[in-house]
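Chain IDs A, B, C and D follow the sequence of writing; residue 1 opens each chain.
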Amino acid sequence: MLKSAKIRVVAIAALVMAPGMASGQTNGIASPLQHVSPTGAVTIPQAEVPSVSTLDAVQPHWVFVNRGNGQDGTRIFDGDTGKMKGMVNMYGQDSFAFDPLGKNFYVAQTLWTKQDRGTRQDVLLAYDVTSLKLVSEIPIPGRMLIGNRTHNLVITADGKKALIYNMQPSSSVNVVDLEKRTFDSKIELPGCATMFTNRLNGFSALCSNGTLATVAMNGGKPVITRSAPFFNATEDPIFDTSVIDPKTGKLTLVSYSGLITPVELGAAPKIGASWSLQQAAFMRKGTYTAMDVNWMPGGRQPIAVHHATGRIYVLMHMGEYWSEYEPALEIWVLNGNTHKLIQRHALGGELKGKLINIAVSQDANPQVYASDGSGNTFVLDAQTMEKKQKMEDSGGGILYTVQP
Amino acid sequence: MQKISIDRIGEKLVRRLAGHTSRRGILSRLGLALAAAPVFPVLPVSRANAQGKPDRGDRARTHFTMNSQSKDDTKCDYWRYCGVDGNLCSCCGGGPHTCPAGAKASTTSWVGTCVNPDDNKTYLIAYRDCCGKPGCGQCHCDNQDRDTQLYVPQTNNDIIWCFGLDNMQYHCSTAALVGAVQ
Amino acid sequence: MLKSAKIRVVAIAALVMAPGMASGQTNGIASPLQHVSPTGAVTIPQAEVPSVSTLDAVQPHWVFVNRGNGQDGTRIFDGDTGKMKGMVNMYGQDSFAFDPLGKNFYVAQTLWTKQDRGTRQDVLLAYDVTSLKLVSEIPIPGRMLIGNRTHNLVITADGKKALIYNMQPSSSVNVVDLEKRTFDSKIELPGCATMFTNRLNGFSALCSNGTLATVAMNGGKPVITRSAPFFNATEDPIFDTSVIDPKTGKLTLVSYSGLITPVELGAAPKIGASWSLQQAAFMRKGTYTAMDVNWMPGGRQPIAVHHATGRIYVLMHMGEYWSEYEPALEIWVLNGNTHKLIQRHALGGELKGKLINIAVSQDANPQVYASDGSGNTFVLDAQTMEKKQKMEDSGGGILYTVQP
Amino acid sequence: MQKISIDRIGEKLVRRLAGHTSRRGILSRLGLALAAAPVFPVLPVSRANAQGKPDRGDRARTHFTMNSQSKDDTKCDYWRYCGVDGNLCSCCGGGPHTCPAGAKASTTSWVGTCVNPDDNKTYLIAYRDCCGKPGCGQCHCDNQDRDTQLYVPQTNNDIIWCFGLDNMQYHCSTAALVGAVQ
């Protein structure tokens, strides 16, 4: 009966007025109470009490947009509706990762106790995927401060270890035991960075001498092996936002000049032959030669791969050498298995010359997500690249889709 | 429009609340009520103390209420938002009176009196902030109906209404229906 | 000799390559060193060592732009050149104040040790005006969290006390002793806020019952007296960004409907007769009546006063009741002594319907500053309102000019 | 273009630095040098170890250097900024090698090799971040000449180059002239 009973109330306004009353002044001036309820009575048909929402199970068509453009937090949007579903708390150069077990969102975070002064605090945070409540906070002895990287916090395939890249300034990896919820160990990783977990619960990383280092984590002291050199880390670097399929351990690496190198991760990674995006598109191979214009891959996150079909989506622009962060004029779609161009899509309107990040959903009916770094994230039809949704004020950073 | 004395209503209310406590005690208790009440506090008063016509009619006619709608609570012109300033929780993964996942609902609020265009009645709305997360950033609205300045805090929408929570970082604002003004 | 001596160096690049070298691989791939110095030698004509600047003495034509629009910090711009001079560190709902003694910039700050969790820390900070170094950090037992207010942190006329407004949620003022650098005392201030220091080293504040409370601070227990009611706090509120001349203690209060009320602060403040902006402009007086359009003052900081001449600058728009934050279509200039309109200035181009904050320099050759809340602050000629400078990405909040 | 072996130069250098310390010791020391050197570290090497033509000519011709100027150090196209990513300290109250008041100068840097259009010579530039204040927000530039990825950190301009400071909040970036490449 209470919910629908007509009861007489005054609102909180009356309470806050109390000090004024107590001063004994009756000044005849209208009070807020008068407007809240001039009759002193309020009907409460159904008083709404505050509540807190929970998140649905993460969907393939959800895109996670990292902070940036003056906004904190990683916002989660439903690509089908364009609506925000929630936010994972993140700041500054914090890193984000999915949990292969699907229970947590992981954040590697660095804060100072007084923002621009005080004590530095490096932690690995685990947020529950449903309640978005902080369920675990594990101190770590440091981490690398850099934004917009997808491979500085990675989780091993079994979901039991978190690997957090560090440089102070010598290069290492801090390992967190996610079962015991403690810092586990530090692995020295001289000259290498950009970690890709393999299915053996170890990981590989790209190195400054053009090799791939592979770290075996079998309980004992980690063993590091290195591949033969296969790329040029200073003349034609591989974008460190290149893509891994965590289920198969297949890497799709893309270089500044437009070389794609497929790698099958494992105890001894199989590094495939490189092929040229431009040649696949019936054009002259990209070079890293001064004063030579060509179509080039570019952006902060220039490549996305739909793993089930092997389709590769690349942000492409016309540019010279060292134009690796230029926004895209076209999106190229290629078959990663046959190395053939499927389609070039010229970007028009507000998409033209703006997009710097791209991702794709991993379901059978994929959507492409792309953002301009100025707060706008777009949902594009994966066949036509037609704009389906625009999410404003979405953040400015890296895009993530869940690997189902 | 006839003026009524808030002080006379107030005095009786305060006396009832106060019992035999000191003035200081009353103030603290009122403060406490604001900060700690799990639900918007509603307190009975004698109707005999209140006079004057209901808060409808010409006083309710504001630019906002004359242009508001009741269909879409993710738009700034949704009728309940006549006094809202901030990001609508309905656009952030929450609802008109629901915080998005991981946020904490404030137990305090500022208030607005908004007209529902469906029944042309005036309702009391409690704007409770959801807190402890970075600013949601979606659907920023700054409606101004009856928005007062800081020295009348209960109807000021710039204040971070996260009192009583461990962390007062602002995420978004809700607009809960508390009652219908007769 | 060292500075100009031709010495042979390798750059740091070589050092970081060391791990790669140590692995013993000679892979023939070009290294960064090659481009840093392929000859292994570098001429240093004059090696530039890092240094840190200091700030010149604060100038009347400097405008301090409070944080907002996704940017932290209060930026200091030279209105003559449009160049940024420096920044006072500030976040969230921090408050800023000048020091009457000219030694410090004061910031009342609230931080949590872990941003969205951890321990709350309320402090008063003093930054040296020349080095911008933090010279003092004084814990206080709380403060009000609200942005864009000019009178929540104020310094007494003798520069010895800082007054920090608090609401938890009952209303009080925390007093800091700036000489001893300690928290001094708490003054209960029921029903009032928005503090204006007077020349007696006490202060006055606006109250919800339409009065002005005056707090005498003479060493003993603070004594609070209240004026007769003179304004309607709920029907026609006075903007709490109204302006004080700290040298004379003269207040210029402006209400939503466009009433200007002059007040001479003191032990017993003299509250002058209100006059109407619209009537001064040969128009119908502003009302707070529904469905009645008029020119109205509006914005977050709608009024500025050039104290030496008494000129009042007001952001005006056409609106109805409760349009108090609408951006301006015109700037009105009035003589505060004669209550006469001097000039109306229609705003054109990017200024039209955008400006929400206004301030004026206090020198004999004044400049007007105005901002749009979206990061743009403009310097306007005080005679013609012609745009002289545009400062982008300047912040989005309240504007401050020093009182010379 | 003739390739030279970095490893041979590097080995001698490392040996000189290392003395009789272990490999691990060398690495730590190199790390330390990066973090703690009060001035950009410059170390003598034997010229005999270096071969190949100077880093001018066609390799220096990039889109940036062909369009750069030497008059205004508050513009992104000022010649020294060929590898800069961030807010120019020259626009923030500092200068090309001076931090704004209240900021702290990093003792570490990433490096660029930029061509001065006045003498057509290539210079080594040390980009040192100024830290401990909120982002300056003025004159954001993102030039990319020779910008590498994270696994080649010394020429990566996305890293927060505030190593060795108490607080690594990024404020702005300087571009100090360190030397002329012969």
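Things worth noting here:
One rule holds for everything that comes next: a contact is a pair of C-beta atoms (placed from the backbone, for glycine too) under 8 Å apart; a residue touches a chain by one contact, two chains touch by 3 or more.
As the structure is a prediction and not an experimental result, all values here were calculated from the model.
Counting C-beta pairs in contact across A-B and across A-D shows that the higher total falls to A-B. Our note on geometry: subunit A versus subunit C, Cα centroid distance of 36 Å, whole angstroms.
Mean C-alpha positions place subunit B and subunit D at a centre distance of 55 Å. Averaging C-alpha coordinates per chain places the centre of subunit A 28 Å away from that of subunit D. Chain contacts: subunit D has residues 27, 30, 34, 59, 133-134, 146, 148, 152-153, 155 touching two or more partner chains.
Shared contact sites, meaning residues of subunit C that touch two or more other chains, fall at 16-20, 22, 25, 30-32, 34-35, 71, 89, 91, 115-118, 169-171, 190-191, 207-208, 233-234. Viewed as a contact network, the protein chains fit none of the simple shapes, being neither a path, a ring, a star nor fully connected. Inter-chain contacts occur between A-B, A-C, A-D, B-C, C-D. Against subunit D, in their complex, subunit C makes its touches with residues 7-22, 25-26, 28, 30-55, 67, 71-73, 75-76, 83-87, 89-91, 127, 130-133, 393-395.
Taken in their complex, subunit A has these residues touching subunit C: 16-20, 22-23, 25, 27-32, 34-35, 69-71, 89, 91, 111, 113-118, 121, 134, 171, 190-191, 207-211, 226, 228-229, 232-235.
The touching residues of subunit D, when paired with subunit C in their complex, are 3-11, 13-14, 23, 26-27, 30, 33-34, 39-47, 49-55, 59, 74, 91-107, 109, 111, 113, 124, 128, 130, 133-138, 140, 146, 148, 152-155, 171, 174, 176-182. Looking at the complex, you find that subunit D touches subunit A at residues 27-28, 30-31, 34-35, 58-64, 108, 132-134, 142, 144-153, 155-156, 158-160, 162-163, 166-169. Those residues of subunit A that touch subunit D in the shared complex are 92-93, 110, 112, 115-118, 120, 144-149, 152, 165, 167-171, 188, 190-194, 205-208, 233-234, 237-240, 290-291, 319-325.
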